[in-house]
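Both of the next two complexes hold chain A, though its partner changes from chain B to chain C.
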Partner chain A sequence: MSKTNPSLVPSGRSLSLLGKANLQQYVVYLGFLAIFLFFAIVLRDSGFLTVRNLSNIVLQTAPVTIMAIGLVFVLSAGEIDLSIGSIVAVSALAGAVAMNGYGITAGIAAGLCAGLLIGLVNGVLVAYVRLPSFLVTLATMGLFAGVARSLTDLRSIPVTNSAFTGFFGSGTLLGIPSLVWWTVGAICIGHIVYRHTRFGAHVLATGDNNRAASVSGISVPRIRLTVLMMSGVLASLAGLLYAGRLQAAKYTLGETDLMTVIAAVIVGGTLLNGGKGSIIGALVGSLMMGMLNNGLILMGLSVSDQMIVRGLIILAAVAVSLREKSR
Partner chain B sequence: MTVTDVSPVLKLTDIRKNFDAVTAIENFSLDIFPGEIVALVGDNGAGKSTLIKIISGVYAPSAGTITIEGETVTMASASMARAHGIEVVYQDLALADQQTVYMNMFLGREPVNRFGLLDRGKMISDTEKLVQELDVRIPSAHATIRDLSGGQRQGVAIARATHWASKLILLDEPTAALGVAETAKVEAIVQSLKTRNIGVLIISHSLDQVFKLSDRICVLRRGKQIGIRKTSETDKNEIVSMITGVN
Partner chain C sequence: MLVKRFLNATALTCFLLSASASFAQTVGPSGEAATPSSAITLSDADLASLKDKGYKAALLWHTSSDFVNAVSAGAKDEFARAGVKVVVTTDAGFDAARQRSDIETALAAKPDVVLALPLDPVTSAEAFKQAIADHTKLVFLSNVPAGYKQGSDYAAIVTDDLFQMGKQAADALAKSIGGKGKVGWIFHDATYYVTNQRDNAFKSTIEKDYPDIKIVAQKGISDPSRAEELASAMLLQNPDLDGIYVTWAEPADGVLAALRAAGNTKTKIVTLDLAEPVGLDMAKGGNVTALVADKAYELGRTMAATGLKSLLNQATPPFIVAPALTVTKETIASGWKESLNRDAPQSILDAVK
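Here is the complex of A and B:
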């Protein structure tokens, strides 16, 4: 509409809110930039700025980014999925065992099916039995961490199929590493589904006000089931990416990722209580977490110090982004 | 209107609703005709909102039948009521607070382009046209619901209902939170629905409003249907004593 609409009166109040909304969206980018500049200066002689190191950060972050996409959908729908770390381990192990026995197709299928099935269990319990997702996925997190341990008796399973390790790990296409293709592809698809489809709109409405969604004809249980299944499949894809890059599967894969993924998603502008989020923000958030990991290692901090510093920075980042949002 | 339509758009017969031991509605029967405004009045807790939720498919009635344009329907869900051309403005507005005005306007019915992607341009321009027609003063179609005032939110809910309704609109205290000017605006919108031949069932605690708008008045007291009066043949005293049960 080009002519001025008398009904659309601008008000000072809404303009200032608009300003705040923009600032809030930029917090993650500012934080990313600040951490990048800090490491670039402090670690200028330690190789932080080399192409090799920077691309390593992107490659190492790929599984977290993939999981973060799933979590954006889950949180936006007003639910949570704490079981993603365990799904990573179970999927990687199931995939590796099946591949060593029956070949690459069976391996990929087994890995993805593991995530799909765990997501289905989570989803049915949350959507149709109406148990809180926090408790359901807390339980399945523990349950499948145990399954991962018992699956191969704590042993590590080698992944030697070169087609697999190329496709999911060290390979390149057009000179670009496969992990970058996975990241870019998943982010693009995730963003389009989230922002530009009816499903994405219904996920947001469900997390925002499930009663409003329901009286508007949206099947709230179906949305809840779908996001938890998506999260399961994406976590199992992350498991396959780990297995491909490390050329081995072990029960410890994904063990510490839950906190990183949640932090990446929250810092990236997704609300913990649903109704609002960003896929691109989650990408920047997880790159920020990856950069933090990398920089702290290059700075020579001990593992325990790394954990403490990372925890504090995540706390600060989350506090800032939540503070911006609550206004 | 020149022609009087004889068949009711909505016919409720012996509707009853129990919540466990509580009987919220008993033996309620009512016909609403196209272009007719029926007011539903009664004290707090009389069962008015419950009745609206039964018609809109949120609650299933414990007994009784709902007939829409001669066809008996089982209203299994809110989307079925919508498919029958029934729209509702709920007392506790069913809006998604963190979404935009245009997303709420099209919630559950978002148009898509030929690639299956959301057609935001259409949603925005339709919303702008609608709020202009109804003179709902909101900052923009892009505004987030929670940044709007109570009156503006009510405006969005009413605009949504009038946009999509083809047969019947149910309004649960649509002006309870509104100022004088906004109330007058909503009343004008409700009256304009007559020309579209849409039936209206409006709940209101304001008898002035009820007498100004309605063709008939239906009184509920503690779930019991006390009676139905033609507005032109009754007065406030009679309605008040029907509501309270005191002469």
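Here is the complex of A and C:
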């Protein structure tokens, strides 16, 4: 699949074609707006537009958004990380167990270190042992799902430290929920690193053409290692957010998130095979997934109908999005 | 290790099962006696006072399945009698985080009654708090969030008789193998109250009531799609098994496939819940000897009726139980109807003709 940078569109093309290409760049935003307007009209009497419900969507999607940021870096570098769901569970459980035994600092450190270490394992195997990231992270996904199950013998661990639950999921600062602060902070930092640093440029160059990147002096293995470690840490942060929000940790946390995160990232304009991506797009994609779940539930559809409609909308969004990229 | 695991699983739950000689009684979280579901009915006056009030209900389930469909059907029919509209139905896919999201989303529709199965007492404790704050009437299926109080926090727990289901499965398997022999025990290897209770009830019944039956092989399963390979391994190590207990019908399909692949027509299977593949095998006189089911439709009807009574500020019993049902080849048509409130699939009806 070719990756067309709109700025490189041949000058001979007509202005109308240019306009169309630029419009299609914003398909995720237009799609988001269209779905929002649709639900706002159809569900005007069903509570969709209430502040509480719209706030719910943002809060519910915060962990997915955080994971999506990591995945944008990984996909942009031409790799993939299928282990993020397992990292969520291991980190949440490790954090909860450590916190109950040794306090909040130990809990946060244990949770984040778990993600960092799993990311390191993934990264070393991909970057230096030169194994495909798909296979490595497929294996570690199963491996660490097993670790999560055995870590506490399948038990759920209550998280009772109010400072932790306030900081990571249930509290507010200046009247704004902590999950919103985490989302905004992670998106801002992620966007700046991705778009405005040398590292971000190297990630894109590696994903676009790793041989060319290597020849031009970029340490491709180091980039691969770094993005997979970033993905691990961000997934572990998502795990801590889940633990704070639910005030408990369980081995099933994150189990069903992988496909949602991938869909959010792809709909948001990141290429599966690297070289192009968008942190803001991933945020909008994540919110779109959350809004779809929310709106379809409030429409009173049966569970089967919700799944069918959600699948069709994601298919349409991805089709339009990929069509633009293959032009 | 396994014993420890199950003790841990059981410790998480709030229910207590009596360990009396008959060990047949399921009691509530604080030792409340069980009220039979048949005692929960709405009078004509109740229905009249509920109609045209614009009441709304939400069904927040843990998963999607034939069982859930039947529970939903029972609830919807009862709500419809009272003119109550079901505005939201969700499936948490056994995901605690998603269940919390589902609850928050459903509350935006301002339901007056919520029927739900909390996935696990610990993770659901925080999740349902907003519903209580919104004064929504809560009726729980089979499980209850930790620390919740009946009356102030929720109206009632309605459950199938989980212990009886496991016990009746043990009785049915024992009967089919003449009260003696070697059996395998395939249990659900996850912390999920419903299956844990049923599985353990089977095991304890065999151990206590049937001294001539030995559980010689036991394997946990978390992914039903892996049941065939798991059963193949069990049969390889124990080719002379007289019977196998399978935690529920979906993995039993895989166990059945493993027996067929091995050309084994002797080993009997007993499993829980009704499903067409295992039902058809039983109807054709295959390996499946009995299916133990709950009255799923009755569970849904009872949950809805309990929620509506709570809306009318009537006292509701704290702990309500719907009976278990052993379905055999001879009773499959009537059992299907009794459990799911619909006819058995045509393939099964044809097979038993």
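The criterion applied here is as follows: the second predicted complex is superposed on the first by the 305 of 327 C-alpha atoms of A that agree within 3 Å, B and C clash if a C-alpha of one lies under 4 Å from a C-alpha of the other, contacts with A are read in each partner's own complex, and residues count from 1 in each chain.
In this section, a contact is a pair of C-beta atoms (placed from the backbone, for glycine too) under 8 Å apart; a residue touches a chain by one contact, two chains touch by 3 or more.
Just so we're clear, the structure is a prediction, and the values are computed from it rather than from any experiment.
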Ask   = Regarding the shared-chain residue A:R198, is it in contact with chain B (first), chain C (second), both, or neither?
value = first
Message = Let me test your reading of the model: by the given contact rule, A:G275 touches which partner, first (chain B), second (chain C), both or neither?
response = first
Inquiry  = Which partner chains sit in contact with A:L253 here, chain B, chain C, both or neither? Use first/second/both/neither.
reply    = second
Query = Given the touch rule stated above, what does A:S156 touch, chain B (first), chain C (second), both, or neither?
reply = second
Request  = May I ask you to decide whether A:N100 touches chain B, chain C, both, or neither, giving the answer as first, second, both or neither?
outcome  = neither
Request  = Pick one for A:S214: touches chain B only (first), chain C only (second), both, or neither.
outcome  = first
Query = First (chain B), second (chain C), both or neither: which does A:L298 touch?
reply = second
Task = Give every residue of chain A touching chain B within the complex, in rising order.
result = 1, 5-11, 13-14, 17, 21, 192, 195-198, 200-202, 204-205, 208-209, 211-218, 271, 275-276
Ask   = Can you name the residues of chain A that touch chain C in the complex?
value = 46-48, 50, 52-53, 56, 59-60, 63, 149, 153-158, 170, 242, 245-248, 250, 252-256, 293-294, 297-298, 300-304
Task = Over in the complex, which chain B residues touch chain A? Could you list them?
result = 56, 58, 77-79, 82, 88, 90, 94-99, 103-104, 107-110, 112, 116-118, 125, 128, 131-132, 135-141, 143-144, 147
Message = Show me the residue ranges of chain C that touch chain A in the complex, using the header's touch definition.
response = 4-5, 8-9, 12, 61, 64, 86-91, 93-98, 100-102, 104-110, 120-123, 125-127, 146, 189-191, 222
